[in-house]
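Listed next: structures, encoded as structure tokens.
Here chain A shows up in two complexes: once beside chain B, once beside chain C.
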Partner chain A sequence: MRKLIVPLCAALTAAAVLAGCGNGKGQQPAPAAAENAAKEETEAAQEQAEPVQTEKTKLTFLRVGTEPERKAYWESSVALFMEANPDIEIEYQECGYGDDFETKLNTGFASGTAPDIINFTMASMGTRVPLGQYACLDEYAAAWEGRDDFMENALTLGSVGDSLYGIAVFPDPRILIYNKELFVEAGLDPDAPPTNWEELLEYHKKLVKKEGDNVVQTGFGLPTSGTNMQHYLSVFIEENGVKNLVDEETHEVLCNTPEAIEAAEFLKEIADAGVIRWDSNNSDQNPFASGLAAMTLGNTTDFHNWNEGAVAGKIAMASPLTHERQATFCGMGFMFMSGETPHKDEVWRFIEFIASAEEMWRRYEELGVTPMRESLRERYVAENPESNGIIYESINCGTGSPKVAYANSVYNAVNDAMERVMYDVEDPETALNTAAGEIQKEIDNQ
Partner chain B sequence: MTEQQPVKKSRRSNGKVYDNCAYAMIFPAYFVFAVFILIPIGVVFYYSITNFNMYSKPELVGAANYLNLIGDGDFLISVRNTLFYTVFTLFPQLALGLLAAVLLYRKSKLLPVFRTAFYLPNVMSMVCISMVWLWIYDPTFGVLNMVLRTFGVSTKQWLQDPDMAMFCIILMSIWKSCGYSMVIFLSGLTSIPDSLYEAASLDGANPVRKFIHITWPMLRPTTFFLLVTGIVNSFSVFEQVNIMTGGGPLKMTTTIVHQIYRRGFLEFKMGYASAMSVVLLAFSILVTMFVFRYGSKGQDVDVS
Partner chain C sequence: MKREKRNQIIWALGMSLASLVMLIPVIMMFMTSMKTMEEIKSPVFHLLPATFSFRNYTDAMSNGIWPVYFRNSLMITGAAVLFSLLFNSIAGYAFARLNFRGAKIMFLFLMMGLMMPPQVTMLPTFLIMAKFPLMGGNDLFGSGGTGLVNTYAGLVIPLVSGSYGVFLCKQFYENFPRSLDEAAMIDGAGKWRTYFTIYLPNSKAILATLGLLKAVSVWNDYMWPLVMTNSETMKTVQLALTMFKTDSGVMWNQMMAAAVLVALPMFVLFLCAQKYFIQGIVTSGLK
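Now for the complex of A and B:
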């Protein structure tokens, strides 16, 4: 008896552990499979006898960010969509920006549990499209009534080569935002924000306040570390005539061109005049939000949030600065279809719903998000000619992240370089040349 | 009284005796260990000699990943930082834990309160603790700078200062872990016979001499245990670094596990990250062996 019990125990344990390891799809213990087969036969017999309601298609939707107001919007959108499409059920999920989201998505794709619908940034296309994680939308877009009405620049930014992969939902231009109250205190005209580099530096110096060696108020709030340093550099190199950090088409590294180095030197000059050090990974540390910086770069969501916090009613937007040309960094939040989803038609129906004119306007009314359809443009600008005009201007002149497979390496190299510049470890030329060398190495390894 | 049945044992051809039932009893634990630890370690070894990127079929690259590690400045910095963190966290944590244990090893109604207070940080999630200390270190609204301002001292950029960031993380880690050391030391103290202290008192020994000649030698096994587990834990430091500094500024706080995470999960270089993991494993084993070889002397104190 003992001889029988021992292997039986071992077999049961092994079966229990392996069953726990299974993904639940296509792995059923023998008795369960037999039970299911019998159940299916009964259901088939019932189907012949009476009409059966079609089973719902279940989709998972993962969006980047955890802002409560956006969560409320997305949950109401999902509810509206499901009400209009009773055959589809969508499970809403969200995850914070940055490394957390990247990790969640990576592990999802690696384990075969990736979400069907993804709301993520333009920057992600460079790495995820070549891996087949985002599905091409050309087939669906060809028959889409909204294509001709959609903002052309948004469609271009959502494309890799000639193929469309993402439908824009959240334009994310970096806008110059300033604190009118601090301008008045410093004797500056609150209705005349800087328009070029020279004015920015001049205003910055007037706005810096020090107690001993400590900077207690700064003019232009510039981060000294963190993963957003490259956005700040991008804005200034583009204003100085550089196309991007790298050329997407020719894969030429542009972050160490003389114009890019000049832009980094300008940022260093601002830092040397006095900045409050902060890590852009921790947005809570942003001195602008607490009234300790008079100017900074932010997106429309930042503006909205800051305008409800410590600097409420004191802040305003300004047009992008001009140096060689007027430019800014313009990120974009997109809807992507997972390359692995078996429910592509249903996913497209949801994306199409989110990109409809009605939903766009609802997004504007609830979140202040710029509509991306030409037919809504005039109505949008008319709502608030001062701010909305600037936002449109910023989107039009904005360039986004380079959509290349080695994009993460570009960001890391540039962020590291700018951190070394800000901490006086290297001069801008040396730091950006080092970054360019690292990026070139990645390009050669592709 | 029933006669106890002798345990039935089988005899192998080589004459060794083994017990089927005993093997069955330990099988679940070993099976889980094999599936969730041993096999993954083997898989990591395999990935470390490939260019695995999580999504495409891995191709063998030989020792290329290991050779690249030698020239990887970020990895070498992370090794230095991890060693620095280990040394400056572990020893103060053990010293403070021992001090707290000795001070709290007496009879008083308030002692449970103090013991609980010291141990409480250890049971809290490292993520929550890191968030709390992030606020404490905040340069504008942080408690630390508020205290400095109150005393008229100039404020500090705690986590933004390359010279201070690692010490800030170390301070938080010591605060969190010294309660654990205290509890283990307390259990060690309870095993020291009172007769030794009584004899020492009769000989006129003061508390310091009692500590040096009785308490400390008798706590060597406890200290050794804490040292070995502390080294292994310190080598795997990650959460607080990722949350509080992200490895910066200027990579002054990046650690080996932080680099593994970045390379593997953010840059898709899983093969390269696996090579780092293998090096970390080898390093942990080597250091542990070294401690076992030279640090475990004097554990056989005879108190009979």
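Now for the complex of A and C:
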């Protein structure tokens, strides 16, 4: 019996290892296997016809999000690039938004298997640039033909200090959207949306409808809670001349400056004049979508979705408001080069390809993404003069999340503060001073 | 007698209510899977959909390559359950019945594994898999390639061992009468034979319990496949569910439809193994 033990153990171990070590590539579904067979045949034929090529540089590209239409776009872009650059092979990967993506990237960087090219958000720069996980692109941008044609603000948003780290691909500006029909009902000119704070407040008051103490229709659809409250405050403090919630360069807290407090007081005035309370975590609750608010802030996707729902055909976009200056919030998706990649030149070639005018226009045609090159501006605006000019303008004057490692603490503190303001727990000055104190504590702990 | 009956009725009502509370998320999931997005977004909540339609199911399954995702999950779960049952029961038997030097210390270390959150070991495990020698383009020293990243082996190997399974088996085997071992020894059976001919055939209850717990945890695991896979053809069903979450919101109707289908194999498995599962819990003394 003992003689049996050793072979039995060996057999079990071998079986376990062999069964476990089966590579995914060897177990593809039938269509994939057939595709591979066809690909191999084509490659073999090419090898016979052409001289032997040098080994390809293999890059991995990880993008945030899993939407099928964007996936189709990226896969076709990668294919087009590889066709034009036969010496480079790109493996496309994707991962969902939020913590999932952060986990994936953190694991990759911690284990030395990080992707070479990363498509991620502006906020990620705050933590990843100081860690050296994103490479500085200044050297490449200096010799880049598209540098002067690229929208200046998009380059600014992709920079930390004076150094460029990200090339913008997916802009996400917050645009003032209004309901023309409700404007007409309130005796307002549907083609003359508000252009400044005074007009906004005046229109808001005219558009509010109450039944007793209940607000049944509001003017400006302002949320009263949720994690996007900071976007709303950002828009108004920047319109009032404040740089951002915090100064990225000096780490000075700006959310409780007199101008910021004035902006919060203005939002409180709007709320006091009558709003329908909703949670900004759930954009579906936005009363604008159901025709119960005449104005709100939304992105281009919101506009598209609302224009297919209850307020279809009744809504339009307006230029960002001006107070001290014209401003809005503008999120952005960027292309980053991994700080660890040994193939920097090849990575830049791909980023340059994605940022080319042709590719930008293809992105617009397939996904409706605004092209961010001056040379495409006229053509883009001509496609839809009513909206596209406003979108371009909003991106051009937009400021995004502060690119600091403690950005999440800033958002949390400001969201809490604004919620306290909206529910009359604290006045704007007290609430924002409390928030500033919390942010300062976080900065001191860094 | 009357009082006993009354207590029974109260007990039954209480348990029914508790069951209903447990079932609410499942009911909500099923009902949402039948609704349109307009119904879901509606400010007025209705539990029942306006019309029962399986449209969301067909729409959800037409996104992505679901047969491949299900196949991957089934393969990974099957392999992990099979190998973990084998290794855990052998180790449990060894700790319960073999007297060897260092057994107590080894068991103590094993128990420490129970207290270790999986997040702590995730990165070291990932590194071991990524630096696996002679695999995925790696050289003998584990560099140059991707090791077992994005392979079934990389997904399964770290899941086959587990303190919990060994502990469960040890508890179970300790309840076996010693006379069984003695009888086997008198008949000339060695330790392996005793295990394979006496212990293993009498372990249905504990293996079913362990198998079910393992299957559910591997099937539902999200984090490990997330970091270990990077291609569409290696995705598991849990990863695939994220495709309904976009930057502009969540397609709840399709996500819930897909979630119902993803949960179905585990429901069926539990119904099949329910009898053994309860036995296993009782006999291993777990609460």
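One rule holds for everything that comes next: the second predicted complex is superposed on the first by the 282 of 446 C-alpha atoms of A that agree within 3 Å, B and C clash if a C-alpha of one lies under 4 Å from a C-alpha of the other, contacts with A are read in each partner's own complex, and residues count from 1 in each chain.
What we mean here is this: a contact is a pair of C-beta atoms (placed from the backbone, for glycine too) under 8 Å apart; a residue touches a chain by one contact, two chains touch by 3 or more.
Keep in mind it's a predicted model, so treat the numbers as computed, not measured.
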item	value
Which superposed partner A:285 touches (first chain B, second chain C, both, neither)	both
Which of chain B and chain C A:131 touches, first, second, both or neither	first
Contacts of A:79 with chain B and chain C, given as first, second, both or neither	neither
Partner chain in contact with A:110 - chain B first, chain C second, else both or neither	both
First (chain B), second (chain C), both or neither touched by A:227	first
Chain B versus chain C as contact partner of A:192, first or second or both or neither	neither
Contacts of A:425 with chain B and chain C, given as first, second, both or neither	first
Contacts of A:305 with chain B and chain C, given as first, second, both or neither	second
Interface residues of chain A shared between complexes with chain B and chain C	2, 5, 17, 21, 103, 107, 110, 284-285, 290
Residues of chain A that touch chain C when the two form their complex	1-2, 4-5, 8, 12, 16-17, 19-24, 27-29, 32, 60, 62, 65-68, 91, 93, 95-97, 100, 103-104, 107, 110-113, 172, 283-285, 289-290, 299, 301-302, 305, 309
Residue ranges of chain B in contact with chain A within the complex	8, 20-21, 23-24, 27-28, 31-32, 35, 54-56, 134, 138-141, 154-155, 157, 159-162, 242, 245-246, 248-251, 261, 265-268
Touching residues (chain side chain C, partner chain A) in the complex	38, 41, 43, 63-65, 67-68, 71, 75, 79, 83, 86, 122-123, 126-127, 130, 135-136, 146, 148-153, 156-157, 160, 189-190, 192-193, 223, 226-227, 230-231, 233-234, 242-243, 245-249
Chain B contact footprint on chain A (complex, rising order)	2-3, 5-6, 9-10, 13-14, 17, 21, 99, 102-103, 106-107, 109-110, 127, 131-133, 211-214, 224-227, 276-279, 281-282, 284-285, 287, 290, 292, 408-409, 412, 416, 419-420, 423, 425
